[in-house]
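What follows is a group of structures, each given as structure tokens.
Okay, so subunit A shows up in both of these, paired with subunit B first and subunit C after.
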Partner chain A sequence: MATYTISENKSPQLNWREALPTIFAIAYVLVVFTLLRSLSRTDLWFPTYSAILFPMFVFSPFIIFALKIPLELRAVLIAIIGLVLMPILGMQDSFYLELITQIAIFAAMAIGLNVVVGFAGLLDLGYVAFFAVGAYLWGIFTSNANTIVRATGAQAAPEMFWLFLFLGVIAAAITGILLGLPVLRLRGDYLAIVTLGFGEIIRILVSNLSNISSNRRNPINITNGAQGLPGIVSPPLPDFAFQAVEGLTNALGLPVNNVRAFTYQLFYYGLVLLVCGLAALIAARLDNSPIGRAWTAIREDEVAAQAMGVPKVKMKLLAFAMGASFAGAMGVIFAARNTFVSPESFSFIQSIFILAIVIVGGMGSIRGAILGAVIVTLLNLQVLKNFSLQINALKNIDWVVPILNFPIRDWPQQLEPARYERFVFGLLLIIMMIFRPSGVWPAKRRQMELQEAMGKEEIPEKEIEADVVVIKPEDLLSQEPKEKP
Partner chain B sequence: MPLLEAKGVTKRFGGLIAVQNVDYFIEPHTINAIIGPNGAGKTTFFNLLTGIYTPDEGKIIFDGKDITGLKPNWINRAGIARTFQNIRLFGAMTVIENCLVGMHPRLNIDLAQTILRLPAFGQQEREAQRRAENLLEFVGLRDKANEVAKNLPYGDQRRLEIARALASEPKLLLLDEPTAGMNPQESAAAMQLFRAVRDKFGITVLLIEHDMRVVMGISERVTVLDYGQKIAEGTPEEVRRNPQVIEAYLGRGSAASHI
Partner chain C sequence: MTAISDLAKLTPRDLFNNVGDWVLQYVLKPIGQILLFVVIAGSSISLLALVVGFVLQTDWHGIDILRVPARINLFEQVVRQLPNMFLDGITIGFVYAVIALGYTMVYGVLKFINFAHSEIFMMGAVIGYEVMVRLRDGQLLTTLPPLLVIVLMIAAAMVICGGVAVIVERVAYKPLRGAPRLVPLISAIGVSFFLTDFVRGFQALNRNIFNMPYLTDQIPFLTQRIVLAEGLSTTNTTFIIILSAVIMLVGLNYFVNATKIGKGIRAVSQDQATASLMGINVNLMITITFMVGGALGGAAGVLYGLKTTNVTPYIGFIPGLKAFTAAVLGGIGNITGAMLGGLLLGMLEAFFSALLPYFPALGLGYSDIFAFAVLILVLLFRPTGLLGKKVDEKV
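Up next, the complex of A and B:
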């Protein structure tokens, strides 16, 4: 396997002292992975172990990334974690695969929102609308609900998924431009309010484009309203994929119950990872280009940017379109993966959730957006839920806390950790704002700003000086002696 | 033929007439100054020339083209670049990035090229980088290229604004109080820079200035605005002796008492 050749290659180049962190990091990954593998769902303490170990495992690519070793080597190690270890973990417990897929979906959307909010400085509180556009695009054309599309026979074949993935990008980008046009003149809070309204419009639109609205039946049903669109199809996979997965799982001694379902899980995991990687690459390339510089300039000072020849309208629309397109692609994948979409998935809180990821990770930071997605999604979907599960499991066996002699059965339901998701979430944001306002993993530019600002304190005074306009009329009359009566 | 010509330009803000029926022209390759007391409409006039405001009346013709009412980015593209009275750099960007933003209208912005990193993209970026470095060399900021703009000392920020404006390869450079807050040595250095801009790049310069040493020292033609109207125009010597100008600065009666 590739692992052996790599480890042999690197040892002669590095002396052991330099290699120490790398060895520790690899040991960390292997230990966490082995421990996770040894967990069994029937264990009493499984939820707690899993809530601790899985986040540790998901953080491991970031630890590898932070190592001071050649980029290629880091890439290979991260690829091994993502493409070998993670699927093996998924074979053991497919919930992990679901979680990581969810994380990647949010990461890609956070990267997209980062283009709008972080790069161009346009606060968008209705970002989930673009996700909805992608999801409903695929949903409307393939759902088995009795909608107008089905009635007229305009349904799309499952194979057309790939075309629709592309169309989802286009549709979301166009929606982004449509949102961008009326809000061009707005900034800051005003922009936030309008985008928030736009997000709600899309959600309300999809919950009302049906024949079940109020008490009158109208003949046109497009989105099936609040009930949502069921039976959305996935793209067909070739037979050899299923056989290969079955063969692989058997060979590894980890047979899965439903090979078909598991293959699809693996497929979506890979697809989402690919789209997320593409999004990160595109965003990074945009950032590091005249377009990215124009966005930063607009964010810093719109008037000056325009006076320097930056076309404000074009650049802002481009930011909205690019940001939206990532969400559109993810929307199509989301609809296909879940086989069901309803307006509920696109509520305002989802937009806030994605924005929170961007803020936690660091505005304008692509790597930060990915790390933020890991932290916020795990906290939301796994850690707190698992602690609740743990308490329930302990209640079932009438466990008593040692030393304190507290019977866990008396733990009030109101204090279940899962109920405190939003509280912990808010707390996290407040703590972040106090101690790390630029995010857990800020963009280089912001880091630089902060570091250099600390070293030089005399600048603000000079800035004040600049505002004092010195008029010297005596200079104008310099030929006349001043002391003239 | 004048490089820039303003004909009967007027701008009102509600009841206030900030600029009233101003006729103005600039000959190519000259250094010109606009002076006037606070609130005389100098900066408003600049904003009219650069498209930040649209004139209510009148026409602005630049390089033979009517640019009245064009958006600032189009006017910049046409060849007018400017600096601001209260420095407006892109604070979070590095010195060289500020310069590169200035080059925006001269670059070919292509989304596909950017995302696919086609060879043309890299070539253009390298070329832009090289030109930005040359400009920084010219204003004396070469060794600070990678510092964050807002952390620069005040004088350097002023010079960076000029470098950024030059990056768009303008025909006309508008400087809004470029030496405000500078000490005499710094002002002298700035004057040399303005002259170099004209002599080395062949750029026409128009500046708003309060420091009369600078105005009288480098400008070939001085125009005086007061209450939005042009009250005098001519060589520095002529303007200095104009009783209306003295009155505008020192109030009615001053001129008489000085003569």
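Up next, the complex of A and C:
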């Protein structure tokens, strides 16, 4: 705020030096945006350019957010990036819109997991189970697979999506409480393993609650088994939405092939952003509320918190329920957007993926969770994949790495970057834990805690230098002759 | 260099002059204990199977999913399958017990769940495969005595896995000592993921394979069926697995209870600070714990490979989780408990694998749920495990 003190005066005189960062940031956004617009998919180096430029573009809201200008101005600038520039990019290449939607889905889930892990300190390794609850709720009721719901004609109409969004939140919250009840007494690491077991139980259940299997004659098919549920519907959109999008794309000179599909993409993008923003808002308000402080107290010292009158059971259950509900809502949206769910989307690696987001961003930090979602999701869905694409594209033209003189053709097929996400995430988790356990954008309090625990309290070095007089041996030697005369 | 001189100082000395006493104390007693555990696990689970078979043989009490096809008498089936179930359960139970020891030892010393242990176990299985393939390439697989082949496989797996476990500890856990409990756990998860893909990438580059089927069928000794009784036959592999596991358990028992290093490890697990005041090199003890745990995990990997004969870089997760369950079931941090827990869990798994196919509404797909259900139930009703002691939380 200090930067704009001048603008509060009656004669607004912009201090150019202080406005420079803002100008640079805006210029940065525009340059990156223009460069991204100018990319062509037929270009040989397209995967690399896109893997560099798109993350740069997605990071721009964070750069704007870090500027020292009034919050309203920052909000406007970020809104322009999110609601104007991003859809335009989407019109040019809808893959970008897909990516950003995925990022927002994971960001919302990371915020939810952050409530459980970061705020309340309960490590949940089966978090994806709640996501599965939401996804399967909408999936079972609208899939065209031959499930018990379809057989009995109890299918939900597409219009009921909004109701189910709400029901997904409730169902996931109840599941969270059901998981929380038995594990309340457990300490941190035991809890982690039990939640892991719980997540696996949910996965095994959804892949087995069906009659589709050899030598099985289960009369009831609930989840359609390992085949998954195809043909899940999206909520209906009013006609004027399609017309408006068509008109808009034509007006901008970027007509899309399939207006219907693109409108839905835009719709999900907006919806997911909205839910993500809502989740961030709720989590932030909770963190600063008595509930949030109770969570912190439980996280720091359970026994002491109880002694001070914090209702441990209620607060832990609330943490599980809150965390789960975000994932439940995202599950419903995910099922509708993907039109297909299968048990494979809810495996242990997905839980770890969301955990990695929270860890990278910084436990207990909401802005960190969003930034973590950007970094980890882009790494997984874009950067690694694009490197694979790039290597293949270069192989096709028999490219040779200039200085090393290494023909890219010799790069082994088995080492395709896109297939080594476990390797990358494993390494990421280890490195983060060793060098920056508080995450890239930590919450202040959490950072202090970790430093204290690791015995690395930030000792202001300069002060110490001032207190301690360093006497070197040669000084002593040189001083003596000086004093004599 | 200090580490080596310390090791030399700590060379195990016989505490008993009398060889007979020694054999009784460190060979017969542990074997008796293991036998007792086998009997306990076997009889309790067999009883459970018989009761379930008896209760459900004709009437399914209105619970539809427990309905057995009309022509099958479940009780008869259970009785017929019991010996096989017992043998199967004991075999896999010993493997779980050996893996569980790795979890429990590390937990005892550092109070942290070594999540990467399952991948050390997987590496053991992969190393066993590598040794087999290399022996075959050298035309030695069929010419060497089969037992020597297995000893070579286990030895290689133990050496390499012990080394890997020590490296993992140095790189990923040691810098995190004293951090909040979740920090090393997350690092361990990272190591686990890293190792999975590392092995996959390595084998993809090395041999361009993902599945690594053990070459047991090329050794007639291992596949030859032995009829123990009417309707009960098995292969030498079963006996090899049981024998090697028993040798390792007895050896570990000796190591922990009779040597100076073992004493040091026990001291560190009781109280690190005091142990270090008593002149025990805590870091060395932790390293040795990881080495021994990793070596056992690697050996268990070979045994698991011999039993299932199919190894992939992803096999570690489920057996690792089950072995952890076994460690918790027996009381984590308790070495004897890990053996009992492993045997019980193995028997339980054999029980479910034998019975679930009779229920058409359930099927084998559910067999993995039970390990997790057992884990949750144990932690609910007896978080300290069967043989664990209650530890009060310090305030």
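By definition in this document, the second predicted complex is superposed on the first by the 427 of 485 C-alpha atoms of A that agree within 3 Å, B and C clash if a C-alpha of one lies under 4 Å from a C-alpha of the other, contacts with A are read in each partner's own complex, and residues count from 1 in each chain.
Just so we're on the same page, contacts are C-beta pairs under 8 Å (C-beta built on N, C-alpha and C of every residue); 3 or more make two chains touch, one makes a residue touch a chain.
What you see is a predicted model; the values in this text were computed from it and never measured.
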**OP:** Considering only the touch criterion stated at the top, classify A:P182 as touching first (subunit B), second (subunit C), both, or neither.
**Re:** second
Original post:
Touch check for A:I282: first (subunit B), second (subunit C), both, or neither?
Top reply: first
**OP:** For A:L71, decide between first (touching subunit B), second (touching subunit C), both and neither.
**Re:** neither
**OP:** Report for A:L318: first if it touches subunit B alone, second if subunit C alone, otherwise both or neither.
**Re:** first
**OP:** Kindly classify A:V303 by the partners it touches after superposition: subunit B alone (first), subunit C alone (second), both, or neither?
**Re:** both
**OP:** May I ask you to decide whether A:P290 touches subunit B, subunit C, both, or neither, giving the answer as first, second, both or neither?
**Re:** first
**OP:** Could you give the residue numbers on subunit A that contact subunit B in one complex and subunit C in the other?
**Re:** 303-304, 449, 453, 455
Original post:
Quick one: in the complex, what on subunit A touches subunit C?
Top reply: 117, 121, 123, 125, 182-183, 185-190, 192-194, 196-198, 200-201, 204-205, 207-208, 213, 215-219, 303-304, 348-349, 352, 355, 359, 412, 414-415, 420-423, 425-430, 433-434, 437, 449-450, 453-455
Original post:
Which positions of subunit B touch subunit A when the two form their complex?
Top reply: 37-38, 50-52, 71-73, 76-77, 81-82, 84, 86-94, 97, 100-105, 107, 109, 111, 114-115, 117, 121, 125, 128, 147-148, 150-151, 153-154, 164-165, 167-168, 177, 180-181, 210-213, 216, 240, 245-246, 249-250, 258
Subject >> Sites on subunit A touched by subunit B in the complex >> reply: 282, 285-286, 289-291, 293-294, 296-297, 299-301, 303-312, 318, 445-446, 448-449, 452-453, 455-456, 459, 462-463, 465-473, 475-480, 484
**OP:** Show which residues of subunit C lie in contact with subunit A when the two form their complex.
**Re:** 64-65, 112-113, 171-172, 175-176, 178-187, 189-198, 201, 204-205, 208, 317, 321, 324-325, 328, 357, 360-363, 365-366, 368-369, 371-373, 375-376, 379-380, 383, 393, 395
